[in-house]
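First chain written, first letter: the chains are A, B and C, and each begins at residue 1.
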């Protein structure tokens, strides 16, 4: 890959939530550069979302417990506005209190580029249109949010993040409630942004198999620690996966990538 | 663009009718020379515009802050604090024509600080839901103390203090208008600067942060600025309900949730509503006068219902 | 089940009200729950027979020695009963109806008297005189007030308004005893057209009606606080400082001193001219 400074660099981070009994993250490292598609996998509660929050400076580990940097600068040192010009995030959940049209909600992504008092400029509207195009959502532009299907809405949220014109896109379980078609479309979309646009993508997902087929590198977390890290082939071995997910699996290759097939474990007759 | 012209025309109409109409008959030709018009009606109309506008903007901002469309500026305990301050000023016989407004203002700020402190959870984070609960609690608490003081009091004066609290613009004069006009620009500017981040806040605090908003300072600024506007409004005109609650909803039906347009629209809309309500309050049962808070409810609620039905057809729900 | 519920409801609601205990021929332990009736009792010479008053009953000075049983708004039935009265005098109002019933259930006789206008005081004087064995005194006071009321209305020597509160501005209307006193003194209340005892008005209405003098219920001689406020100075009488202070002992409630009050007001108005 490229030899430029990493966009996101988490080095040996240990983090414990205030008042928690154990570490949410222990000695975890991650480096992402432009043009790379990273996936973070792991069971529930393994620290995936915490990793994102630390990496983006939303919480800070105690001194001596590792560093988190964005584009060479400490994550916590970035102003939120400047950071939003580099990193676009599609969080797991967002509220939808007030009805809006698609164009309006994507326009919110231009906030980091707008001056305090200035109005939205033509360049902002163009960025919105381009973002919608890249997400194949331009035909939805004038629809009201609540009329969209789950898959369409996720594409709109992705467009909003792209409207920020970021170098790094962070997606936290973006396909959680999507059907096969929309899920595949989203993964293809993300892959396309990396290949064509030179973006970096960091995706947290439960879909191990799709991550294996689309991601360049995979980080597998278990109990806040790195269980395995590297290319999908090196990470997704039977021993590792069975240990992390506590379930027997078979690993079969498909299209050059390892695919995980959970085995049945019928209960012993009493 | 048409919407803004329509709103401006509404405000102009409201101002003109507030100056031309009144319980005392003033001929059209005498308007500019009449003492009643110059010393009473014009300052009162301007005060209605400024107070109504302040309540409209405060209401819209607070509804965005607590992410609850039922929020009203007076839900955060400020009216209770103001009432308690006023009653104490009367009970302690504090002298001076500005004693009552000043005491009410200080009382409102005290309540604001208390609610703010209660709303802080886990260090420096302001939780909007706790803020609402704290506001209701502080309002009830100060209300109880005020009622206790008043019921135990000997003087009829203190019982009349409740009448003041019901809200009215009879204290309007050029002095009052000047004080308010000098005071409100700062909180208004602070809130307008927060308009875009408030749009982001509607998505949730974490999504807003990811989009570049500094959420904790934003919540603090909006809460304090909106409270300061409300405190000033209560100090000069008592508790005028419904304006802060309904005007943002009415303007949202037309301007949507884009706060850079919504806040100025809420200012003009609130001003117009209070102007019309005050004119009705002064004229409808002349020579008597209705408490303006009753009129804002009687006028505002049906207006809202009508607009809601018209726009529900092709428009958004909620 | 529902029928049983409604039957119970009906039975409770239609419970017969207690028969009112009859009023004694001469009452010796009277609790008076209104400032006017308290003052009247002392005026007719029945002061020794008053064993309870409200905290608002402050005239005459001798009344202050009588134990108070609560404020005038919501009678404290227990405190009243503790005085062991054989008669309770109530001001006629909705809230006091309930109190009367509660006292009746305790076996305490009550009498409810209207005490809003001067003619009510005349009638009350006669009634209280009868109830306390001071009939001549009661009749005498009643007659004095009735004579006052029957006298031909003097010519108007000033147009006045009573301002009782400033925020919101409240004035006295035609239904109040103060309006009656003013008329008898030769003053014309510019808000006589308001039917009730008091009302909220706009300052501009006061400006438009342009009273000559503003009457203020106050025991001090200082002009009221609002006279310094800019919006009040639109009223000519405020600008020119034309206030007359009406002391509480004569003007605070409809009183047997009505003739003296009228004379005092007339004198003040004539001096003003």
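Observations on the model:
Please note the rule applied: contacts are C-beta pairs under 8 Å (C-beta built on N, C-alpha and C of every residue); 3 or more make two chains touch, one makes a residue touch a chain.
From a predicted model like this one, the values you see are computed outputs, not experimental measurements.
Any chain bridging subunit B and subunit C, meaning touching each of them, is missing here; the list is empty.
Comparing chain C-alpha centroids with the centroid of the full set of protein C-alpha atoms picks out B as the closest. Farthest from subunit C, judged by the mean position of CA atoms in each chain, is A. Here the largest set of C-beta contact pairs joins the chains B-C.
Rounded to whole angstrom units, the spacing between the C-alpha centres of subunit B and subunit C is 38.
Chain geometry summary: the mean Cα position of subunit A and that of subunit C are 78 Å apart.
One inter-chain figure worth recording: subunit A and subunit B are separated by 44 Å, centre to centre, where each centre is the mean of the chain's CA atoms. Only residues 18, 56, 58, 79-81, 83-85, 87-89, 91, 93-100, 104, 108-109, 111-112, 114, 116-117, 119, 144, 146, 160, 164 of subunit A touch subunit B when the two sit together in their complex.
Subunit C contributes residues 55-56, 71, 73, 164-165, 167-170, 191, 193-194, 199-205, 207-209, 225-226, 228-231, 233-234 to its touches with subunit B in the complex. By the touch criterion given at the top, residues 22-25, 35-36, 39-41, 43, 95-97, 99-100, 151, 154, 157, 160, 163-164, 168, 170-176, 282, 286-291 of subunit B touch subunit C in their complex. The touching residues of subunit B, when paired with subunit A in their complex, are 67, 122, 193, 196-197, 199-200, 202-204, 206-207, 209-214, 252, 256-258, 260, 316-318.
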